[in-house]
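The structure appears right after this line, and notes come after that.
To keep things simple, chains are lettered A, B, C, D and E as they appear, and every chain counts its residues starting from 1.
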Amino acid sequence: MKGTNMLTDSDLQAIGLTVRLAGVVTMILLLFGTPIAWWLARAKTSWKGPIGAVVALPLVLPPSVLGFYLLLAMGPHGPVGHLTRTLGIEPLPFTFRGLVLASAFYSLPFMVQPLQTAFEAVGDRPLEVAATLRASPLDAFFTVAAPLAAPGFLTASILTFAHTIGEFGVVLMIGGNLPGVTRVASVQIYDHVEALEYTQAHRLSAVMLIFSFLTLLALYAWRPNPKNGG
Amino acid sequence: MAAIDAHFRRDWPGFSLDVDLHLPGRGVTALFGHSGSGKSTLLRCIAGLERAPQGRLAVDSEVWQDAGRWVPTHRRPIGYVFQEASLFAHLSVMGNLRYGMKRVSDAQLVSLDHAIELLGLGHLLDRKPDRLSGGERQRVAIGRALLTQPKLLLMDEPLSALDRGAKAEILPFIEKLRDHFALPIIYISHDLAEVERLADHVVLIDQGRVVGAGPLADVQSDPASPLARSREAAVSLRGVVEAIDATFGLIAVAVAGGRLLAPAPAASVGEARRVHILASAVSLAREKPGRSSILNVLPARVVAMNPLDAVEVVAAVALGEDGEGARLLARMTRKSWEELGLAPGQNVYAQVKSVSLDAGRAEGAKN
Amino acid sequence: EKVTVAAAADLKFAMDEIVAAFKKANPADEVEVVYGSSGKFNTQIQQGAPYDLFFSADIAFPRALAKAGLAASEVKPYASGRIVLWSANLDATKMTLASLADPTITRIAIANPQHAPYGRRAEESLRAAGLWEKVESKLVYGENIAQTAQYIQTGNAQVGIIALSLAVNPELASKGGYWLIPDKLHAPLEQGYVITKRAEGNALAHRFADYMGSPPARAVMTRYGFVLPGEIAGN
Amino acid sequence: MAAIDAHFRRDWPGFSLDVDLHLPGRGVTALFGHSGSGKSTLLRCIAGLERAPQGRLAVDSEVWQDAGRWVPTHRRPIGYVFQEASLFAHLSVMGNLRYGMKRVSDAQLVSLDHAIELLGLGHLLDRKPDRLSGGERQRVAIGRALLTQPKLLLMDEPLSALDRGAKAEILPFIEKLRDHFALPIIYISHDLAEVERLADHVVLIDQGRVVGAGPLADVQSDPASPLARSREAAVSLRGVVEAIDATFGLIAVAVAGGRLLAPAPAASVGEARRVHILASAVSLAREKPGRSSILNVLPARVVAMNPLDAVEVVAAVALGEDGEGARLLARMTRKSWEELGLAPGQNVYAQVKSVSLDAGRAEGAKN
Amino acid sequence: MKGTNMLTDSDLQAIGLTVRLAGVVTMILLLFGTPIAWWLARAKTSWKGPIGAVVALPLVLPPSVLGFYLLLAMGPHGPVGHLTRTLGIEPLPFTFRGLVLASAFYSLPFMVQPLQTAFEAVGDRPLEVAATLRASPLDAFFTVAAPLAAPGFLTASILTFAHTIGEFGVVLMIGGNLPGVTRVASVQIYDHVEALEYTQAHRLSAVMLIFSFLTLLALYAWRPNPKNGG
């Protein structure tokens, strides 16, 4: 570990990895959480309740315990492990992809819940109007519902991104703390604290806080509000 | 163009709709009825926004809804102006106008520039809807619907938030859509003057049921119809321009059983035009009246009378000394009716104080 | 060649120094060390974690791995841990376990005996000294030995029982002295390592394991408060 | 009651408001102007929903806004009917109606039961707003505003979504509020008939500025005013009931310079009533016309003429052979004007085809 | 630990403690998070951005690190510790109150963010209408804004409640794992896993999952939607 002035190389590596992880997870959840939230917001079936509850469930288990179960599932004897083996894919634990999957699983409710609320707030009328203007349901979703739910997307993304940055219980368990592969900043800070390297921990925490603060600030500055004209 | 066949039946808590309609596939059909009678609901069923389970809807011989068939709203070539403007809050005026337009291939009816000019939206194009006045919002909603180049236009009180000036500009345009483009329009309005000016066909709705339907002239000239009972009761007659008086900007229009002078800045001889005459503009005399500022005095015969209330009555007269011509309504006090000794079958003179004309050609011109 | 070593958190300082020395001697070799909880490593290795060597804080874990057929070597003890009484605002050098019963002491930190080896030894010592009932209500439990040290260091617990290897760490040594708890009060805290199955053919793994037994490495270990196999720590 | 003094100046992007108004503290003041002219904005300023920095507003000698003073909206004793109904989506119709009512101490103006009955809401009380028709929503909004027992009522096109029937029921009630309770009302409407029926005072607004203001009769009878140029142009005259013809449900009303027969089921001699006469209902003749269904023929003198367009003109006539009486407007073709050889100063006969009366007493009755 | 059929007494104690903690934290955050969210949704000042970002910041630090900093702050040498001493209150670490405070701090963004979005979606008009109907701003908040934002309150409460149930990094650090005082279920499950007591861990996890599922299901069933008439 050669020291830079402020942060060690491995700190920097961890920060890079963190931002990548949080970014990828947020993207993936935008992709997969949005249809779930949309369905939950608009479906009239009574399946809605149970499925909505299931989506929120990962939250209630302690992260490292969830990580433990995910590890069992993804490990060579678990169902996901069987699947990856059958498909001839590298096993997921201790890889970046495994980390992404686990984090996505854990952060799903942070994406789905705010989006669902936002979609519900859009109401039926704009979609009816869009239909009379020849927009197919998918078209209307992208051009009407999504823009009107923009603040919900922002909230959901902030919560998901920040939570993925801060989360380390699942990450530590699934990732195995491998430098450059799965050692994200939260794990690195944790390690520093555990090793009583407080100066290092303070520095890295400060960097993460400042970075996050600036990111959030930028998001807020640009915060969309479709109801106000700007 | 063929006709619109609509049959819908559905119960909501506190309200049920049960209509079976056969509407002409061209011209303007006005839906008329009390607040809460089901006009908007019917329009929503036609647009496919509301689904009546055992409904059937065929427009222009295309089936949009039937036991085995359901064309979703976005595949129905309609334009819909909602009762509340319902603009997209996240789009500017321009974005709203272009939303539907971008989604259809060609602009046969209306161009963007034309719509903007007609509706007076030029200075508002960059505004977001929350910074528009009520009337401005409604104008944008009308433009947005027209720009989808619909084959059937559904309008739910489109002009109710507009001032006279704006109405006076938009109404002729709707007439033009109806006439030049043969665009069928289903139109809800509480403004009888609007209905009488625009409609070819009227459907009277009450408590979710059709209580009367027919060509405007028939519905209007029946003194017992609800249309005849209002302050704006009127008849609309088909006429042909016979002569033009350029000095005074007047034309002479021949209607069945008579000839009327009417203000019309632009017209040409032989053209078919629609003529509106308010019941309140028609007075009756037993003897031929002397000269006054009333231009039109025509012989006619009383055919029917209906009391409006304790004080007033509405009389229907047929033009011509033989009483075979077009029918007018005349509103008067019961006192006048009795003191003049009027009765059905009697010959009278109808003084028509004012006559108004459609801006475009009457639909008859196409025949 | 490259090895990844999973090492118990309490080895951090000693191991960093040993690895540095090893690299100096073998510049071509790459040795990556990951520190963490031994229990976690145990679970992870069972699920195929890419660790070549596992230095556990409790020899039970590598033994379990060997039993499961996940080891490529014998389980070898490399040190035993010692526990000490330590405080940041009292002078622990003048204390004994009996001082813990003092009513002025209201909060005592130990690692969680349920799963942390150092915690289990701390409990054994307190029981052996006949103090358990007297102090149990004052105890707070750290998740691991580092967190236990933090309770004491931040003053939230006045005193506590931590690993000797932590007490000699400069961060803590500068804050207060320690009192070594006699090792006869608790079972030995035997620490062992194993080469994992995946490193079976990894020569570097074997060489590094051997290096741990070499005199320079042993010197470092001793300096950081570990008692080496075959040695008896003096009180 | 004192008057309303309002001075507001504020710029928005694309629009600026600059008004300085002195309105009578009683009766109905109509705000009239094009779509987007700033009527709603002015009403919002009066309600305290929009804040014009250097504004000043005093109502009934209480200062609501001034350099050092700002009474927040919820402390202003107003009732506000918004242009869009804006019901609370989470409350039932009953919840909406009771919302404001619960927050005021006593019910001097309107009781809950009365409002429900008047507005025909009885069968809707448990509904949520999203299950109401457009007109139903608007009726709830009116009821909700009235039930706050306001001292000043602000109404932004309250009746625009309503059918004739509903209007005909609600208008007399608003008249009653105006007259019996001396409740001042500021009223926005595009419906001239409504304005002419209700308003005592008219303010004409254009592009955020006041371009005309005055008592209804003055603004109406000026042939150059925008009110006179519309199809519904009319005048409102003060009259006193002189005689009652119970047989035909007619009354004779004396107005300055003449006497009119008008339908009025209920009236008593000596009562003051307001009389409305449409410009389109008045025709002029040089000689006394023969008997017809037109009841009212009065001598008058032409006082002014204004061309409406190339074809039509509006003439103002003063009743009485001396031309000193009340003014009427008469609309006719330019042809008639010229062929009859009419000119200001000439004596004529005004034939008034129909006359309508206020439901309540004219405000003069209180003097 | 006397065993019951399924769960040990200490498991049951932990569950009770968890539900109490999550309940109290949710209550407290409803109380304190609501005005913050309201302010963020409606304020026109440019302070809004920074403050909004600060509220979300606790999320980005790993829980146990955050716990460490909170421990410093609440400890005898920290500012909160000074405060409690000056006020003559028992120090917060290792107490249930300390746990509540720390969890509230950590879960704040889960309450504030969804509420903020929900309040923004309400818009100005209903509040304007309320003002013309004599409702003071506070009155209007309770009788109009809050009911209209009901789905937002539900989302915020679910996220906060579930997150407090699952979180254990902060809790472990601040609480000191004291049975009956600060050993909540997440810590208990974690301890079981760490002690390789997998059967116990599975059982307790299953109980927590089922309990949470039923709670969430009940919430969903009753999910308010002010836009629909029911």
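Please note the rule applied: contacts are C-beta pairs under 8 Å (C-beta built on N, C-alpha and C of every residue); 3 or more make two chains touch, one makes a residue touch a chain.
None of these values were measured; they are calculated from a predicted model.
A.B. asks: Tell me the fewest steps from subunit C to subunit E, where a step is a jump to a chain it touches.
C.D. replies: So the least number of steps between the two chains is 1.
A.B. asks: Taking contact as defined at the start, I'd like the list of chains shared as neighbours by subunit A and subunit D.
C.D. replies: B, E
A.B. asks: Report the chain whose CA-based centre is farthest from the CA-based centre of subunit B.
C.D. replies: Max centre-to-centre separation from subunit B belongs to C.
A.B. asks: Calculate how many whole Å lie between the centre of subunit A and the centre of subunit B, each centre taken as the average of the chain's C-alpha atoms.
C.D. replies: Roughly 57 Å separates the two chain centres.
A.B. asks: Roughly how many whole angstrom separate the Cα centroids of subunit B and subunit E?
C.D. replies: 61
A.B. asks: Counting in whole Å, what is the centre-to-centre distance of subunit A and subunit E, each centre being its mean C-alpha position?
C.D. replies: Chain centroid spacing, subunit A to subunit E, equals 19 Å.
A.B. asks: Centre to centre, by mean C-alpha position, how many angstrom separate subunit B and subunit D?
C.D. replies: Distance between chain centres: 26 Å.
A.B. asks: Could you say which residues in subunit A touch two or more other chains, in rising order?
C.D. replies: In subunit A, the residues touching two or more other chains are 64, 68, 193, 227.
A.B. asks: Which subunit C residues reach two or more other chains?
C.D. replies: If we look for residues of subunit C contacting two or more partner chains, we find 40, 147, 150.
A.B. asks: Which residues belonging to subunit B are in contact with no fewer than two other chains?
C.D. replies: Residue numbers touching two or more other chains: 127, 131.
A.B. asks: Please list each pair of chains that are touching.
C.D. replies: Touching chain pairs, listed by label, are A-B, A-C, A-E, B-D, C-E, D-E.
A.B. asks: Taking the complex as given, what residues does subunit B use to touch subunit D?
C.D. replies: Touching subunit D from subunit B are residues 12, 14, 33-36, 39-41, 83-84, 123-124, 127, 131-136, 139, 156-157, 160-167, 190, 192-193, 230-231, 245, 247-250, 261, 263-265, 278, 280-281, 283-295, 309-312, 330-338, 340, 342, 349, 351, 353-354.
A.B. asks: Could you please specify the touching residues of subunit A with respect to subunit C in the complex?
C.D. replies: Checking each residue of subunit A against subunit C gives 64, 68, 71-72, 74-76, 91, 93-94, 172-173, 176-179, 183, 191, 193-198.
A.B. asks: Which residues of subunit B touch subunit A once you look at their complex with the stated criterion?
C.D. replies: 47-49, 72-75, 78-80, 82, 86, 88-91, 99-100, 103-104, 127-128, 130-131, 144-145, 148
A.B. asks: Applying the document's contact rule, which stretches of subunit E touch subunit A when the two form their complex?
C.D. replies: Going through subunit E, the ones touching subunit A are 48-50, 52-54, 56-57, 59-66, 68-69, 109-110, 113-114, 116-118, 120-121, 123, 151-152, 154-155, 158-159, 162-163, 165-169, 186-187, 189-190, 193, 201, 205, 208-209, 212-213, 216-217, 219-221, 223, 225, 227.
A.B. asks: Would you pull the subunit C residues touching subunit A in the complex into a rising list?
C.D. replies: So the residues of subunit C touching subunit A come out as 4, 9, 12-13, 32, 34-36, 40, 43-44, 46-51, 144, 146-147, 149-150, 153, 166, 169, 171-172.
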